[in-house]
Amino acid sequence: MIVVMKPGCTPADVQHVVELVRQLGLKDHVIVGTDRTVVAAIGDKRGIDKGAIENAPMVDRIVPILAPYKVASKEVKQEPSVIRVGAAGATIGGPKIGVIAGPCSVETEEQILTTARRVRAAGAIGLRGGAFKPRTSPYDFQGLGEQGLKMLARARDETGLAIVTEVMAVDMVDLVASYADVLQIGARNMHNFELLKVVGQCRKPVLLKRGMAATLEEFLLAAEYIMSAGNPNVILCERGIRTSETYVRNTLPLAVVPAVKRESHLPIIVDPSHGTGHAYMVPAMCRAAIAAGADGLIVEVHPDPEHALTDGAQSITCETFAQTMNEVRAVAHAVGRTA
Amino acid sequence: MIVVMKPGCTPADVQHVVELVRQLGLKDHVIVGTDRTVVAAIGDKRGIDKGAIENAPMVDRIVPILAPYKVASKEVKQEPSVIRVGAAGATIGGPKIGVIAGPCSVETEEQILTTARRVRAAGAIGLRGGAFKPRTSPYDFQGLGEQGLKMLARARDETGLAIVTEVMAVDMVDLVASYADVLQIGARNMHNFELLKVVGQCRKPVLLKRGMAATLEEFLLAAEYIMSAGNPNVILCERGIRTSETYVRNTLPLAVVPAVKRESHLPIIVDPSHGTGHAYMVPAMCRAAIAAGADGLIVEVHPDPEHALTDGAQSITCETFAQTMNEVRAVAHAVGRTA
Amino acid sequence: MIVVMKPGCTPADVQHVVELVRQLGLKDHVIVGTDRTVVAAIGDKRGIDKGAIENAPMVDRIVPILAPYKVASKEVKQEPSVIRVGAAGATIGGPKIGVIAGPCSVETEEQILTTARRVRAAGAIGLRGGAFKPRTSPYDFQGLGEQGLKMLARARDETGLAIVTEVMAVDMVDLVASYADVLQIGARNMHNFELLKVVGQCRKPVLLKRGMAATLEEFLLAAEYIMSAGNPNVILCERGIRTSETYVRNTLPLAVVPAVKRESHLPIIVDPSHGTGHAYMVPAMCRAAIAAGADGLIVEVHPDPEHALTDGAQSITCETFAQTMNEVRAVAHAVGRTA
Amino acid sequence: MIVVMKPGCTPADVQHVVELVRQLGLKDHVIVGTDRTVVAAIGDKRGIDKGAIENAPMVDRIVPILAPYKVASKEVKQEPSVIRVGAAGATIGGPKIGVIAGPCSVETEEQILTTARRVRAAGAIGLRGGAFKPRTSPYDFQGLGEQGLKMLARARDETGLAIVTEVMAVDMVDLVASYADVLQIGARNMHNFELLKVVGQCRKPVLLKRGMAATLEEFLLAAEYIMSAGNPNVILCERGIRTSETYVRNTLPLAVVPAVKRESHLPIIVDPSHGTGHAYMVPAMCRAAIAAGADGLIVEVHPDPEHALTDGAQSITCETFAQTMNEVRAVAHAVGRTA
């Protein structure tokens, strides 16, 4: 941490900061510059509130130097983590791109089985589908609950696809984990720390979506919650952020892919459905995500988007998905991967 | 809802949309304009996914007309809701400004009692203090838990202040509600719908903070979750949003105050501590919030911010708080209210 | 500047950075921390591209320490600047609040004279009105040009109000300056550096609006362009920024007021009309801006907003303005100022 | 345009809106819904301020239906525009990807010639390089001026590359156009309408960068300014927007590529250098842009980024550029294009 003093600070002001630094168990190092004095605080103390020093007289600001995450970082593990997804041996994080596809919500057995067969045939390794839905309005369809989980399990039995489904609350983790192959933490729950701790006690892989205003640091700290609770199998997922743009529902910032690859050993996949909000943009952003180096995709696919109960506007048809998979495969090969 | 067709759509395209509209149980009304055709869909169907129609051929976009919230809206209740806070008869939402103050975290009994006495003397009606803390990093101080709640209760016994403290998970609601006068839902949990439903089954007032990227509509829908579950006592709280600004931790958008007053009967208070992230800005933004028409404030106050375990950078001292309360009172009178 | 090295850097990597620092004419200072090594670069070199060092091997990032502006900063001038506005002795930046009001565009002589009389009577010191309009669409009304400037001059002759009007291009500065008392640089031109240099060669005060995505640093650097060209009479104006909010046209971040007061000696006023985009929010945000410590306001007022040629949605009537001025005066007194 | 009335409006309120609509020369059409009444205003009147109606009593809001741009839109021209760039027959907008590369600033003849030869050999069709630089700080290097333009011309003579360089002010257009093959309008000038009109009177192609907070609509309206002044040769360029993200200098929203392709016939290229701000991200985002369907790239390349006078942090070396071009070519082939 670097404490930047205001211009005009006195030696007593600097000494006061030095003492605060020592009280935190850190070593101090004062540098008197031409215009500004700074106090470097040396030592690895991730768990203390260094910001408090900002309140000391004549302190201008605090600049943290150490990233606050550890087990998610490349500092502790250089080689990429490869996460096993489902019983069929599929993985995410290796040279092969892993694509998860399926409807926003499980609606009927026929809907989910049809979709499963079609996305399997097109090359997906996982089936997504919500049984418990986080809905912005209390009046919206909230999902089929356990009945939906059972339908997903039937689709897995038939197709071998790994089941990826969202868990929204601590008391549902056991139930959802008894059906799912991958536990999804939605963007709205990325900061639900209690939930992160509980899925951290599972062994099932966790698909962790970035919050819609989360910084990269907060995203990796959410992974750190899960990992430090004992579960190393975290798949990061970028799903778009809130910005001033209006032609999309969310802005999909693909530069997060090289940024994550630089900071962390965890795999990262991209959700172009939520990441744009419009079906017509999804194929282009699937291709772009893979070209940027993403380890996979999660895509909303519905056999009849015009009649979908949820997220119809951003769901592509099974035909469009098959076509998109062909394009994704070509791009994957172009960047030295397979799909 | 208005369905805007693309230029060049055929009568068959329009007819297809008309049929989709009818399938939703809505009445259709086609308007052929000079350049564009639109299909108005008439009827009050809040719980269906109208966006799916965006997927139909030659549809350009969907424009919703009805606000999706109801019990939180002025359409069902014109007069402002006044929420009783604590046993001492204090209220938020009436002509008198209600100010809640206290440390980010409960740290020690002495810390919380000292703060309680000082903020009470300065005119606060409530004492804030976190016992369970939502922390971005798993390595940060996570709060004293129930021990902290007990300290808060002792401070209430001594000062009569209403206790406002955060509840982070469904399985903690009963415990927290047994000590608190007001249940706080933090910004990171505004979209934790399971938690909203459970506090909606309490009778205790709920202080609902706006999520850091939530739209006004989503904010009111979160209130709607609580209210539609049976608890009408919701106090909205603006705490700043994530933007491109870097001289603040969050941008505090005070225009939300007149916007909420136009849309809803619920009271709204402002949190200038999280809303800026810097102690030196807090007094100015307390005054501004009241001038904008806010019904109250929630302010982080610490007897020794330089040594605070959490949020030191944005906590003001007890002295600064007392001075700020004098200023707030003057502004309140200037806008025809008391404090 | 602080250069933060990546973990695992070698002494040769650090030495390479040290040499780059010395090539910039700066003094180096290496600090080896527990986890990270940093190189502090000491010296005041505002005009060089320090970011280039980010490209050196094993450099993680660069942290600037010095603010890049100088004459706009409090480091060179502690006491607030008071800017004289017009011939009648009015000022902005002193204890008295200065309010500028008038229509978005000058439309007719009657419109501008009526507005001038009404806002003068209500207590305004300046009359705003666009003669050359920056319009997002080439098909929109582009202003009356010099004819509009002449109408403004007539309104000044009659009322004594200072004339504030926008100059959009280098080759119009002489013309506009021959009529105006204050040259307005619009938000869209805050980064038009050629224009900033030219108005910097005038003696007329400049009202500089913040760009809609400009950082505080960029805002002050735009002022620095004008001031370093020789014109110290800069009035800063916050007019709202682009964010993810949708219930406003722009988000008005009032914390910029205390931030500017901390960093700069220049006065700052607030534009709640563009800052919100909706007439119904303007009175509340006028009060809030003054409560936050702003030195004045610039408000769009039109005698008949329903028929305004431009910005009708955010223009208040003359009646609402008079009422708002009463409220603003009360708030100004509450915070120890006059209006 | 659709005027949405507030709940509780009277027939007189609706009639008042109907009259305002008629005064604008539009046809009215009232729809009384279950909860809300709306007034549709029919007719193509792009140049009037419809927002003013928002001020009428009991009006809730205005929803525009027509896009305000015309000659830039697909409504008037379906087939993609292909823009000829330079004398050598290169184009942007056809099946072949067009890549423009070069340093941020022209620094020396050797620097620009070396770069030109290297990027030409790697497959670029254009050479970028700033002679007049828009710099955020008045103390930063402002470019070599006409001397820089001459160096660019020499590089063209030797390599045949088309010269792309920025023009920042109206009175420089003739000078810059006498050397350049493509006139670049920088992001900070996207809203400099006077400049747009003047380059609209040139015949040279214009590379128009999106403003850092501009909406898609504003971006296309800026193109409309140029085109409606007579110059149809506009190449759009996405260069990143300001958001809450901090690990990048700008967020690069690649979904703008399919969005532009849907709305406009103009070609769009991507600038991953400004679009991220960090050299290490540039190759990934070059690949992603092409995969998303962009018609080309503009990339900052410097023979020695560690010593670049400007934008060193985001400039890649000539070696990295050559490698990136190989990757881009592979991706281009994968999506059915050449490079």
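We just call them A, B, C and D in the order they show up, numbering each chain from 1.
In this section, a contact is a pair of C-beta atoms (placed from the backbone, for glycine too) under 8 Å apart; a residue touches a chain by one contact, two chains touch by 3 or more.
Computed from a predicted model, the values in this text were never measured in an experiment.
Participant: What is the chain whose Cα centroid lies farthest from the Cα centroid of chain C?
Facilitator: So the chain farthest away from chain C turns out to be A.
Participant: Across the interfaces B-D and A-D, which one involves more C-beta pairs in contact?
Facilitator: Higher C-beta contact count between the two pairs: A-D.
Participant: Just give me the whole-number Å value for how far the CA centre of chain B lies from that of chain D.
Facilitator: Roughly 38 Å, centre to centre.
Participant: Distance between chain A and chain D based on Cα centroids, please, to the nearest Å.
Facilitator: Result: the chain centres lie 30 Å from each other.
Participant: Could you say which residues in chain C touch two or more other chains, in rising order?
Facilitator: 213, 241-244, 246
Participant: Using the touch definition from the top, list the residues of chain A that touch chain B in their complex.
Facilitator: 20, 23, 46-47, 49, 51-56, 62, 68-69, 134-141, 168-171, 188-189, 191-195, 197, 211-213, 218, 221, 224-225, 228-229, 241-242, 278-279, 305-315
Participant: Which residues of chain C touch chain A once you look at their complex with the stated criterion?
Facilitator: These residues of chain C touch chain A: 2, 4, 7, 29, 31, 33-36, 38, 40, 42-44, 63, 65-66, 75, 213, 242-244, 246.
Participant: In their complex, what parts of chain A are in touch with chain D?
Facilitator: Those in contact with chain D are residues 213, 215-217, 241-248, 251-259, 262, 275-276, 280-281, 284-285, 287-293, 327, 330-331, 333-335.
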